[in-house]
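Pasting the structures in now, so scroll down.
Here come two complexes built around chain A, the first alongside chain B, the second alongside chain C.
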Partner chain A sequence: MQNPLSNLLATQSIYWPWWAGALALGFIAIFFPLVLRRPLGVSGLLGRLVHWKEENEAADAEEQLAEAGDLEAALMAATLARFGDEATKQPAAPACDEPAAADGLSVRIRPAEHFMFFAAVVIGAFLAALAHGTAQLRWSLGPAFEAYFGSGPLSMGVLAAGGLMIGFGVRMGGGCTSGHGLTGCGAFQPASFLGTASFFGAGVAAAFLLRGLLG
Partner chain B sequence: MNSNLRRALTLAIGLFFGFALGNIGFADYGEVQKMFTFADLRMFLSFGGGLAVTMVGFALLRGKREIPKRPFHKGIVPGGVLFGAGWALTGGCPTITLVQLGEGQLPALITLAGILAGIGLYDRVHPRLFGWDRGSCDM
Partner chain C sequence: MSEKNICPHAESCELFPQFSLKAALKLWQIHYCEAKFEGCERYKLSLEGKPVPITLLPDGTNLSAKPAK
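Right, the complex of A and B next:
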């Protein structure tokens, strides 16, 4: 049986050696914020996509603010658009959307652009699969998944429940693998170290549990 | 930077992100399980190495500037635990479901729907049930 380190030197795998992956991920985590002036945090971007209506309203309001001279009315519009009636229930959170750009530029990215990013991720993955010869539309997550859950209704229930846990959890925790794991830990944020340890720890525990119960 | 250039760069980085994740093996459920059960350290090292590169890059870019500390809040650990468990079950984090889709793995649509529903659900209940300050950048 292979030991865990043997794949580090193997060249037969269709996947990249670890150092290539490391360089690629590091590059992305560094260049995304450098170039696009906002931190890389997919769960936050997805959140903005889910709340696309409010995001568009807020962007519209900000555009009006830039054009109109009536400062007070525009601020009120933006506040209501962003917080709705919750403005009366909780203190307004300082807006994270304005990136703390050194030159003071404040650009609100519309949800459509976040969607473009995600579409590009899908296409990029498709290109990778093409390169491996594994690109194929199929109702399957692969043999390892089906060994645990099969391919019937149970497997779909598992995915739906798992997805709910992921969505709920990343919002509760304030980040996902890119937000906490790469960006937060990359900036030595203690909160992100805690978050990353929590989700990696849970992933490890859950994987061992699954292997023990179903493997 | 003008918005067309920004959009072009967004697309380019997104493409590379998906391409890299697909090539590292994150869309392969078996590889993810190997990572989580330490049967194969390749993917852990891909991530850990990526984190190390990011740390160096950020430090160089940051120079002497102080960046504000993200606050600790009560949701970090339970949220992380839920997320990690969901990851082991579905094989993905939010980005990975997209990578699975790119490879043609259609069940990832179910996972993605669940994730979007979970996000919407949490955001609805947070002010009512929880209400702690998640900090100015809830990434």
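Right, the complex of A and C next:
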């Protein structure tokens, strides 16, 4: 009789080769921030969709400011209003001990465009499965999952609970596999190395624990 | 040498580099980014996971599209 792990390994053939996925992920991890001047992070993008109203308000305010033309002038006026005499006593020369300001502000993406990203994720996955001849509507995560949790209400409950824990975890950790694992580690961010090691380590430990308890 | 207690969100803050443009603007960094960043409205909004508009200043005021004369 096959155990759940060997069943899981047997299902690997339904996926594309690992190197094709790695190339595609590497490509998007590089070009997403280059084009949009924002790091790629799927949970962060989802969070922006949740806060769609505030995102739209922020985009409106930024567009108004951009139309007015001069961010620096607006900042100076606000600085004088806030600090008064202290600001006027400062020398007029630039503060040269700090790096120069960014040569352009990042582009605030509207929630509707974020939605397009998620729609493209689903469509892309479907097209990949279609091209690989494995596209089919399934209610199961595969034989390994069914071996542990069956295919009835328990499996639905486990999936819902798992989803909630992931959502809670990524908000607490400030990112998910794409934000920390792809973008953060790619940018040599120590917090992202720690985050990625933590959630992958916890995943491996949980898998061994489940094997020990249920396998 | 004393080490500055710089806001952990400074790297991702869109206004932080703008505050380096002029000595007067650097007052924002001195009073907020390098001091009481916990009181910065941008920092607080960011902690809530909400979008932080570039028009929001550390003291909670909003940049006007038309600068005061």
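Keep this in mind: the second predicted complex is superposed on the first by the 154 of 215 C-alpha atoms of A that agree within 3 Å, B and C clash if a C-alpha of one lies under 4 Å from a C-alpha of the other, contacts with A are read in each partner's own complex, and residues count from 1 in each chain.
As a working rule, a residue touches a chain if its C-beta (ideal position, glycine included) is under 8 Å from a C-beta of that chain, and two chains touch if they have at least 3 such contacts.
Not measured: the values here are computed from a predicted model.
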Chain C versus chain B, contacts on chain A by residue: B
Chain B versus chain C as contact partner of A:47, first or second or both or neither: both
First (chain B), second (chain C), both or neither touched by A:143: first
Touching partner for A:194 - first (chain B), second (chain C), both, neither: first
Contacts of A:171 with chain B and chain C, given as first, second, both or neither: both
Contacts of A:64 with chain B and chain C, given as first, second, both or neither: second
Partner chain in contact with A:119 - chain B first, chain C second, else both or neither: first
Which of chain B and chain C A:74 touches, first, second, both or neither: second
Where chain A meets both chain C and chain B, residue numbers: 47, 51, 86, 90, 93-95, 171
Residues of chain A that touch chain B when the two form their complex: 2, 4-5, 7-8, 13, 15-32, 34-36, 39, 41-44, 46-47, 49-51, 86, 89-90, 93-96, 107, 113, 116-129, 131, 134-145, 155-156, 158-192, 194-208, 210-211
Chain B - residues contacting chain A, complex: 1, 3, 6-7, 9-25, 27-33, 36-43, 45-58, 61-62, 67, 69-73, 75-95, 97-108, 110-123, 126-127, 130-131, 133-139
Chain C - residues contacting chain A, complex: 14-15, 17-29, 31, 49-55, 57, 59, 61-68
Touching residues (chain side chain A, partner chain C) in the complex: 47-48, 51, 54-55, 57-58, 61-62, 64-65, 67-68, 70-83, 86-88, 90-95, 98-102, 105-106, 108, 171
